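Heads up, the thing below is written out as structure tokens.
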Amino acid sequence: MKKSRIFLILLASVCMAQICMAAEATFSDEGGILYTQPVPSVIFRHKYHVDDKKLSCEKCHSGLFEMEALSAQEKDDFVMESLYRGKYCGACHNGKDAFASDTQCARCHVRAEGLEVGYVKGKPAPYKIPVYNTSIFLGKGEMQVRFNHEKHTPPANCQDCHTKLFSIKKGSNNITVVDHNPQKYCFGCHDGKKTFSWYDCNSCHKNWTEIAQAGPITSKAGKGSCYKCHTNDSELKALVKPPLIQGEGEG
Amino acid sequence: MMDSSKLKPEKHAKESPAYLLEMERREFLKIGLKITGVLAGGSVLSLISNVNKAYSLDAYRNKYPYKPHYTMVLRQDRCIDCKLCMQACVTTNHVPDYGWRTMILKREVPTSIDQKWDFIPILCNQCNNPPCVRTCPTRATYKDKTNGIVMMDNKKCIGCKSCMMACPYDARYYNEAKKAIDKCDFCFEARLSKGVKNVACSEACPADVRVFGDLSDPESRVYKLIHQLQKPVWVLREEVGAKPNIFYMKV
Amino acid sequence: MAGFSKARMFLNIKSAYERVTSSGMVYLIFVGLFGLLMLIGIGAGIYALFIAGSRHAYGTYREVPVAILISTYVYFVVASTGLCLVSSIGYIFGVRDFMPIAKRSVYLSIITILAGFLVIGLEIEHPFRMALYNILSPNLSSNIWWMGTLYSFALVFLTIEFIFLLKEEKHKKAAIAGLLGVITEVAANTNLGGVFAMMHGRPYWYGPYLPVYFLLSAMITGCAFIIFFFVLSHWINRKTIDQPTKKALESVGKLAILLLVIIMIFTVWKMLTTSIGRASAIEAMNALIAGPYAFSFWGIEVLGGMIIPFVLLLISRTKNIMIMFVASAIMIFSIFFMRLNMVVVGQIVPLYFELSVNEYSKLHTYSPSVSEILVVLGGVGFCVLAFLLGEKIFDGFKQT
């Protein structure tokens, strides 16, 4: 789904650190997320879960919780019954992995007045989104793309890509050349309008020409071969060293 | 105290201070007993009227003088301070913003190893030996003989605030609109007298903290919750001797 | 009073009026001042109760529902009991030395009850309902009902006694009325102590101590009032104090010394036993000893109410009237704050203090509002005004 630029109001309160790379991560969501639906109030603090318990992002953000803060409380099934059945927090708070969600009620349900709360729905996040300084490598070998989080946040927020476009789990995003279409992965934003077009292969795939010579162009029959779409040989060769394509693209 | 016959004018000249004082002593001892009642006044009478209620907590659990004997069991560990009960009470009973009929208190124990605070709902305890009823000069507050609720007769209230002084539970406040003292009446005026079986706060509580019912009915939930020995049941400020009707437990 | 027209009037209205109006400028100015003070106080009270509402105008609130107005009422009616008791020592118990002070003391006893009623009438929200429902719907187990009823009866008996005293030859009837007055006053006073002492929910007040303490304190207050107002009255009437009255004041002074010793012992033991009591009671005591009420307790209540008067009375050997007057003046001022301390400190420790909850972990605070102070001054104004007028109207309470 195309995502337009989300206003400041929907700035992500939750951003990930270098979790995809390593188990070691620190997270300061500087105040926590205040849930007020269906009943007030629960404050969720990443600090307890990430810094103290050393959980990785994908433990929760692979289907249990969206990365957009407070999106859970918009759902109708965000009730204790769901937790008892293993949804949301109940996936871990079942008595085995963590204290059961039907015990110690006031450990999560708090009186919010007087407590430091970072993210409150409807108001801009009062803290700076942490900047990532590790690179992520997608793919292997010469086709590898190096992705830099730091360059992408702040223009985008965590939930702009995660988890609807990119799974957090390391190595779980397999982007073939066929996947290079606007509904998937990077290509919704990298369409030439919001930012540079993906047609400029060199921007992401360094040394494309060598790669291209080595890879998909020669291997006509292989999976992910360019010839699958670009059946015209000479046309394809022309594409290999194109000038920067601006504006409308083909296809 | 001198007997008045001794003050006849003709005897004045014969009486010396010493003689007078001696007669006083003898007479005083005789009259003393007669006037003790007047001297002690309310104290003695309140003692007499309460003597049939001066039994132990266990003893009064076994005989319930009211039918229905309304009570509320507060399962304190389930309270999450969502304050929905307070809002329901305010709406149902038109409680002004300067007063409250029920409230949630927060008790913090930072050295606790798990949950670090408790939420404790408080309301009028509908005592079985109510200090407020004993002290009201005009019987504007009284314990209803049928259902045991400590009621208010607003027209008789003179606003002396002695019931507010006497109440051990801070349950009363002066309501300017009603021109009388107001307090929780188990929603009698708003609901029970109109045939509704449950009280507003109990109905509004999403965590089933407040269990309202008839203690004289052995099949009722409140009866079963209290009449067991496994989980402790307690009342607030038992030492005051007011024999409160609101029970607290943790399940 | 059917028989009155036949009997000689105890008071000639016309000559009383003349006595008042022919007094000196200073006297009339004071009458005017205190009359004005009384009216301002009544006005402030009416405004607070019926226009602004007690929630806005008075400094009391849910957790501290009664304060300076109740303590002022207590002050006045306890003074009334003391005045009645001390005056009864002469007339009813027959101790001759105390007899000269009887008339004025009874009059003061009456006007202090009235001053107390004035103040409390402006404290409770519905004074007219009280008059009606106290009679129609009494609660015989209520200390407050007994106290109100007994003080009302005491007022009646004392007024009757006063009338008989003025008539000079009705000694026996005066004594009977006086006896009834004493009984009802003592009963009302101890019931007033019982109002506080029987509230088990307030550990600082609860216990057998307060009713006895009230009676004792009443007598001390009575002694102080007697010395103070007697000396004042002789200034007003521009007379020297005659020998019998001087002897009476001496006796009152000696009584005061004894009672001060007893009340000091009372206070010490109250503190000692409280210090090993419940946490709430200890907290209240700490507020008095070392907390926000420390100055009011040590400086005013102990020093001004007990130690300084005791020392002054000893120095005066009860013979030096002026020193006794100063001592009684200090006592009158300090005892007012003793009452205020008792009433307020009993409430400032939250009821849920021992539950250790956030909402109720700190002491409540109270400070009197302007309206409350004006009402108190109004009561004082009434008392002094009635005293001043009484001196002239009743022609100095001359003894036979």
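Per-chain numbering from 1; labels A, B and C assigned in written order.
Just so it is clear, a contact is a pair of C-beta atoms (placed from the backbone, for glycine too) under 8 Å apart; a residue touches a chain by one contact, two chains touch by 3 or more.
It should be emphasised that the depicted structure is a prediction, and the values quoted were computed from it without experimental measurement.
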Thinking of each chain as a vertex joined to the chains it touches, would you call that graph a line, ring, star, complete, or other? line
Chain closest to the middle [Cα centroid of all protein chains]: B
How many angstrom between the C-alpha centroids of chain B and chain A? 60
Per the centroid of Cα atoms for each chain, what is the distance between chain B and chain C, given in Å? 31
Whole-Å separation of chain centres (CA-atom averages), chain A against chain C: 79
For chain A, residues contacting two or more additional chains: none
Name the residues of chain B that each touch 2 or more other chains. 106
How about chain B: which of its residues touch chain A in the complex? 77-84, 106, 114-119, 206-207
Contacting residues of chain C [partner chain B, same complex]: 53-55, 60, 62-63, 65-66, 92-96, 124-127, 129-130, 133-134, 137-148, 150, 171-172, 175-176, 179, 182-184, 186-187, 190-191, 194-196, 198-202, 347, 350-352, 354-360
Contact footprint of chain B on chain A as seen in their complex: 38-41, 99, 104-107, 109-111
Which residues, counting only chain B, touch chain C once they are in their complex? 1-2, 4, 7-9, 12, 15, 17, 20-21, 24, 35, 38-43, 45-46, 49-50, 98-99, 103, 105-108, 120, 122, 131, 134-140, 155-162, 164-170, 172-174, 176, 179, 236-237, 239-242
